[in-house]
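What follows are several structures.
In what follows, subunit A forms one complex with subunit B and a second complex with subunit C.
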Partner chain A sequence: MSTLSPPLKKNDAESFLKELIDSCKENGFSQLRKTGTENFLKAGLPGRKEEAYKYAPLTSVLNNLGTGKPQSAASPGDALTYLFKDFASGNALSVFLLNGTIIKVPENLPKGLSIVPLEETSPYAKNTGRLSTASSDPLCQLNNSIFSSGLVIHIAKGSSIEKPIVVFNLISSDSPALISSRLLIVAEENTRAGIIEFSDTLRQNHKILSNEVQETFVGKNATLFHYRWQTDCEMGNRINHQLSEIGEKGVYDTMNITTGGTFIRNNLSLFLNGENIEAHLNGFFVGSKNRHVDTRTVVDHLMPRCESFQLYKGIAADKSTGVFNGKIFVRRDAQKTNAYQSSKNMLLGDEATVNAKPELEIYADDVKCSHGSSTGKLNEDALFYLRSRGLGIETARTLLLHAFAGEVFEKIRHEEFKELIIEKIRHIVGGLNTSHAG
Partner chain B sequence: MSNMLTIENLHAGVPEKKIIKGLSLTVKPGEVHAIMGPNGSGKSTLSSVLAGKEDFEVTAGTVLYEGKDLLEMSPEERAREGVFLAFQYPVEIPGVSNVNFLKTALNEIREHKGLGPIDAAEFLKLIKEKQSLVELQGSLANRSVNEGFSGGEKKRNEIFQMAVLEPRLCILDETDSGLDIDALRIVANGVNKLRSKDRSFIVITHYQRLLDYIVPDVVHVLYDGKIVKSGTKDLALELEAKGYDWIKKEFVEA
Partner chain C sequence: MAKSDQILDEHIASEYKYGWFDPIEMDTAPKGLSEDIVRFISAKKNEPAWLLEWRLKAYRHWLTMEEPRHWAHISYPPVNFQDIIYYAAPKKKEGVKSFDEVDPELLKTFEKLGISLEEQKRLVGMESNIAVDAVIDSVSVKTTFKETLAEKGIIFCSFSEAVHEHPELVKKYLGSVVPHTDNFYAALNSAVFSDGSFCYIPKGVRCPMELSTYFRINSAGTGQFERTLIIADEGSYVSYLEGCTAPQRDENQLHAAVVEIVAHKNGEVKYSTVQNWYPGDKDGKGGVYNFVTKRGICLEENAKISWTQVETGSAITWKYPSVILKGDNSVGEFYSVAVTNNMQQADTGTKMIHIGKNTRSTIVSKGISAGKSNNSYRGLVRISRGAKNARNFSQCDSLLMGDKCGAHTFPYIEIKDKSGIVEHEATTSKIGEDQIFYCNQRGIETEKAVALIVNGYCKEVLNQLPMEFAVEARKLLAVSLEGSVG
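Let's turn to the complex of A and B:
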């Protein structure tokens, strides 16, 4: 069995890929795989010199991941972690994925909704690779080349899906593994739907990397929300390439919440390919121990009169690191664009770091764009104010951290999920080590 | 009658600078003490030291509150024991609801007294009643702590919190600063309604104006970190008429 260990020589990479490609041939998509393989071999694994992975300790994550297929005895029952147990039993359409493969879907799906495995012969699969092939990220190309499983969520023209589609995106393996899976979301014209994705790596003793591609197409007049919450265990590492294309008058609302894992990378690319689009991109992370949470957004305003709003916040404790890299393109035709981006971070302790880098590239002249970034510590005056009214120092800190996070969660348009996350985050931030804070 | 607060020979300041230089003060239950003084005399430092702000260091002296060593207590312990500071500049805290925060504070204080958490309906009744005391609109109570409040609303919110938490020693740090005459009257009325034989006030102010409304039992003049003169409310009128230069001159000559 070959292993993937940077620095990677071309011959090693080729033999590594060949083994994997051979093992997933039956899934089809030969053209996509071929392009992916070529592009990946051309680019190689990104190193520290690559601007896009400058802050990411990718080498240690990729080291010694085998080509062996993940073997797991986990069942859907094990998969229901304590966090989501109550939520899953609620009013939702729950889909369970294990390493990207469907293990359970609801029996009676509402009219207009299809949830099927990603297969080349499927009529729903025709957009597969349309966005990911053009990606400049070598790891996205690696997924194009070797992905072994996938899911399609398809919402037929004119359908409104009332209940949220809850995707349990679970990762598990009995040996160190690289897992490559895909999610294709197609919301056709005049649809309304919402997806809530819980990503979790089940507790285990060896390193796992899930390198995922999610392609989303939101049609004309369609409204889609997609909220993702990652709670992976310490052995879990996840790179998610979330590529979305929105059509005229479409509304797309996405949020990435990270409270687990060791290496987490969220690459979001959003193409606003129609007029009068409204896009919301939000995120929140909690860093503790050695967690690295890296968020990279590219919002591409291609057409006039579109709006995009981004709010990314994070709390970094211990030796954790956070990265926010946000880029907004406003193309020549995209007049009357309204684009807003904000990144706010809080450091607890002297060993935590956050790097935030907002970038704007504007080629149109009649636009409204703004961005801001701040990284600070807990407000000592506010802390004293709360304590002077009788609140204990831990209670006061938790209250302030929770309030800091709350600004992001206020934007969630699904009440039950909003309540769940607000309640869980209170416990998570309450458990952070703030002893070096101040 | 035992003392509510006994400050003896207090010295305090920041690492580079001594600000309070041998201050002594005794406050009995039910008394209202006004502390006046020119800018930089140490008025706000005194209130911060009493509330437990860690930016200030006490280098000498003692402070006994109801017979206990106040300086040994954390800010929250002081609050739970019944000390309340109405801030000169109340802090805006986005995302923390005024009412929820106050409920948490009240329950911490109740727990300290050995009482259980307040019942939701009872709490609602309590805040309605106390809001009317300072004519604070219900919508303000439900917003984030002090966020977007006008200067007057912030000060009224301080007195509202004081009314809910029912402390025994209230320190008002320049509560009159930035208030117009109507807001000043509302705030002062609120304070007057809270006066009782068991509750003491230290009213720190720059101007005599506030003392027309909150009539003090004793007036002290703070200058260069010490109380240099004490008297009745007439002392405040005298200061208003003559200005602080008179005190400075007298103090320097003495």
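Let's turn to the complex of A and C:
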């Protein structure tokens, strides 16, 4: 395993990645890799002048990364004893991934559900790259080029999977590394299923960047929820490209909760490619220390009579930064569209920053679209009200922050997960440094 | 000799001088842009050395810059900067003899806007006795107007005049809000600006009337690279109007103006614009590219700058009137109505940069798109670190008429202070069929109903305009949207 000297400039970072592309001669998906490599080298690493990466300090994230392939420092055993093991037992179908590679899949999968490694020869893999090759994001193209592992979750036509599929997406390496993995989710016609993903970079003392692509296809009349909670350690950085295509009368519900990591970017692209689709995109982040949480959503209304709802909230404490960049496209044909987007943030730290860019791009006239964005501090009056009723300042503050977060979690369709997240978030916001004069 | 006669004589004499004594004097620069052209313009205007230096600095910087073609939501063929005449002395247009020679479309529009016959003649450049009278009228208006202002110590003159008569003020403030390095078109304007308006309101003076470029006859024909500088000293107030509701047929394709406003302690400037440049024909042929940099700074405490704009013209509008809220407790406002029809493209909005404590800003933007046009709001609200208790409220609404147009919103919100409160909301919708039906039912035909609804929709902004302006703006909205329904 070789570790390069840190690439400080954009040019250095590019040559570093070029080397990585050359060193990666994996088998399979040669066409996808070829296109990815070409597109990536053509675009180069996005700089700050690139609109999509305006607020993202990408070059610093790519500093100090080795070119070596990740090694499994943590044994599957470590992973199994992980924090959420009690959640994973009994009522869920738990899948364990280490750096994108399957380490454990439940033995008796219900009928219609297949969970297999992503291989070109697999009959389930035929949609791989359909959305990601068209992506304009150079880092998504980089994944197309050098991804080393992947997982397919396939739900066969007409199947209804009662238990949630819980994916433990763990990242670990014994040296600095860039890890590229993929997830392909196919929910065929008339299916119902839910995925809960715990994304985590296990505690270590060198920097790791996981650049992952998730492609989701929701078929006609299918309902799928996919919730993700990112709890990466301080050395963990994650760029997630979540690309989804929904078919006629499909329902897709997704949520990203970020409470860990140093640089986290969630790139969501949703293509509403049928009529009468219902899409829900929600997110919540807690920023502390130097954490940078960057969410970018693109909801593309291609067909008439679809609805999309977005609610993104965040709390930025200490020196953290929260970025929300949401875009709603309503194409010429997408008449009778209803699209809503809301982004609300709370600043707690003196050196915290929130940047928001909620965009609308609308080409059809018979539509109802709106967006709202607000950023502010804890409501002094509410705080006073609670204190006047005998609550301590800490308790009152935690209560308010928790209530602020609660609006997002109310939308979770899985009771057990909802309870878990509400409880954990109470703990997390309670521990925030509010540096409040109050 | 009566004063007006004297002025008339002077006026005629000056024309005479121009056309008779020195017929070979070059009053137009050759096509293209170079350091020589910049020197030529400066020499032509008899400018002091420091201003020439300033122009050259801007020109040299402009050479290093790239035309901003990609970030805005507009598309147009590249501008050939060497194919533009950068200086043409204001001269009398080839007049038309009677209304028969005037484009009947234009006359119809005049009629709808309710512009008086005299005014129509002035606008089409008709030579007649009445037109001369109109000039006399304007000159005398200008003079009486100037006297009243002078009594109060207000300076209101052309930019060239200010350079010669008040160099200390121009030197102090020129480029202090929009530096020559600011952006591509601001740099270009700094290098080649032809003329413009200069306005200074001294301490504690409330300007008794609305100042308008409309009164200044000499501003006609110098519009291409205009430069406006407005300074409101401590505790002063001025309301400034720019533009004209009448359609301007202008052969200049590219307009790159710069407006700078400085408001001192307790000073207030209200700047209203009605922009109705030629938008091109139905297929998007011709039309003006309006690439304007407008910015004000609230330099000290309690200053206030308010922008109101009604944008209906131009093939392409690229314009972001901004306020830098530097002084504590200062206030910035932006009220905008932007209408695009046929093939027009507009990318317009504002920037509110909060630096001082307790600063407040309000943004109300109403976009209306019809035909095959694209209308974008693009705005920035930035709360800098240390801007305690800053407050912003933004509202950006879009109205779509027809299924071939586009309405877009690109707000940028950057907050670095936890005590700041920023709210932004935007909606996009079309005119409700039930609303139109309601009007139809009461005997109001559809086209009028649309005008009525649109006016209601824009009311919040139109109410900010000075009275006469608001009345004309209402009519203008109706005319701009003609033929976009049904």
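Basically, the second predicted complex is superposed on the first by the 403 of 438 C-alpha atoms of A that agree within 3 Å, B and C clash if a C-alpha of one lies under 4 Å from a C-alpha of the other, contacts with A are read in each partner's own complex, and residues count from 1 in each chain.
The rule is simple: a contact is a pair of C-beta atoms (placed from the backbone, for glycine too) under 8 Å apart; a residue touches a chain by one contact, two chains touch by 3 or more.
What you see is a predicted model; the values in this text were computed from it and never measured.
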TODO: Assess the superposed three-chain arrangement around subunit A: do subunit B and subunit C clash, or do they fit?
DONE: fit
Task: First, second, both or neither for A:190, with subunit B first and subunit C second - done: neither
Task: Greater residue coverage of subunit A in the superposed arrangement, subunit B or subunit C - done: C
- [ ] Using the superposition on chain A described above, determine whether A:338 touches subunit B (first), subunit C (second), both, or neither.
- [x] neither
Task: Touched partner set for A:400, first subunit B, second subunit C, both or neither - done: first
Open item on the list: In the overlaid three-chain picture, which partner chain does A:384 touch, first (subunit B) or second (subunit C), both, or neither?
Closed with: first
- [ ] Could you look at A:392 and tell me whether it touches subunit B, subunit C, both or neither (first, second, both, neither)?
- [x] first
Open item on the list: On the A-aligned overlay, A:373 touches which partner chain: subunit B = first, subunit C = second, or both, or neither?
Closed with: second
- [ ] Report, please, how wide the angle is at the C-alpha centre of subunit A between subunit B and subunit C, in steps of 10 degrees.
- [x] 70
TODO: Give, as a whole number of angstrom, the minimum Cα separation of subunit B and subunit C in the superposed three-chain arrangement.
DONE: 15
Open item on the list: Just to be sure I follow: which residues of subunit A are touched by subunit B in one complex and then by subunit C in the other one?
Closed with: none
Task: Contacting residues of subunit A [partner subunit C, same complex] - done: 51, 332, 335, 345, 347-377
Open item on the list: List the residues on subunit C that touch subunit A in their complex, please.
Closed with: 71, 73, 385, 398, 400-430
TODO: Spell out the part of subunit A that touches subunit B in their complex, as residue ranges.
DONE: 379, 381-382, 384-393, 395-396, 399-400, 402-404, 406-407
TODO: Enumerate the contact residues on subunit B facing subunit A in the complex.
DONE: 51-54, 74-76, 78-80, 84-85, 87, 90-91, 93-96, 101-102, 104-106, 108-109, 112, 144-145, 161, 165
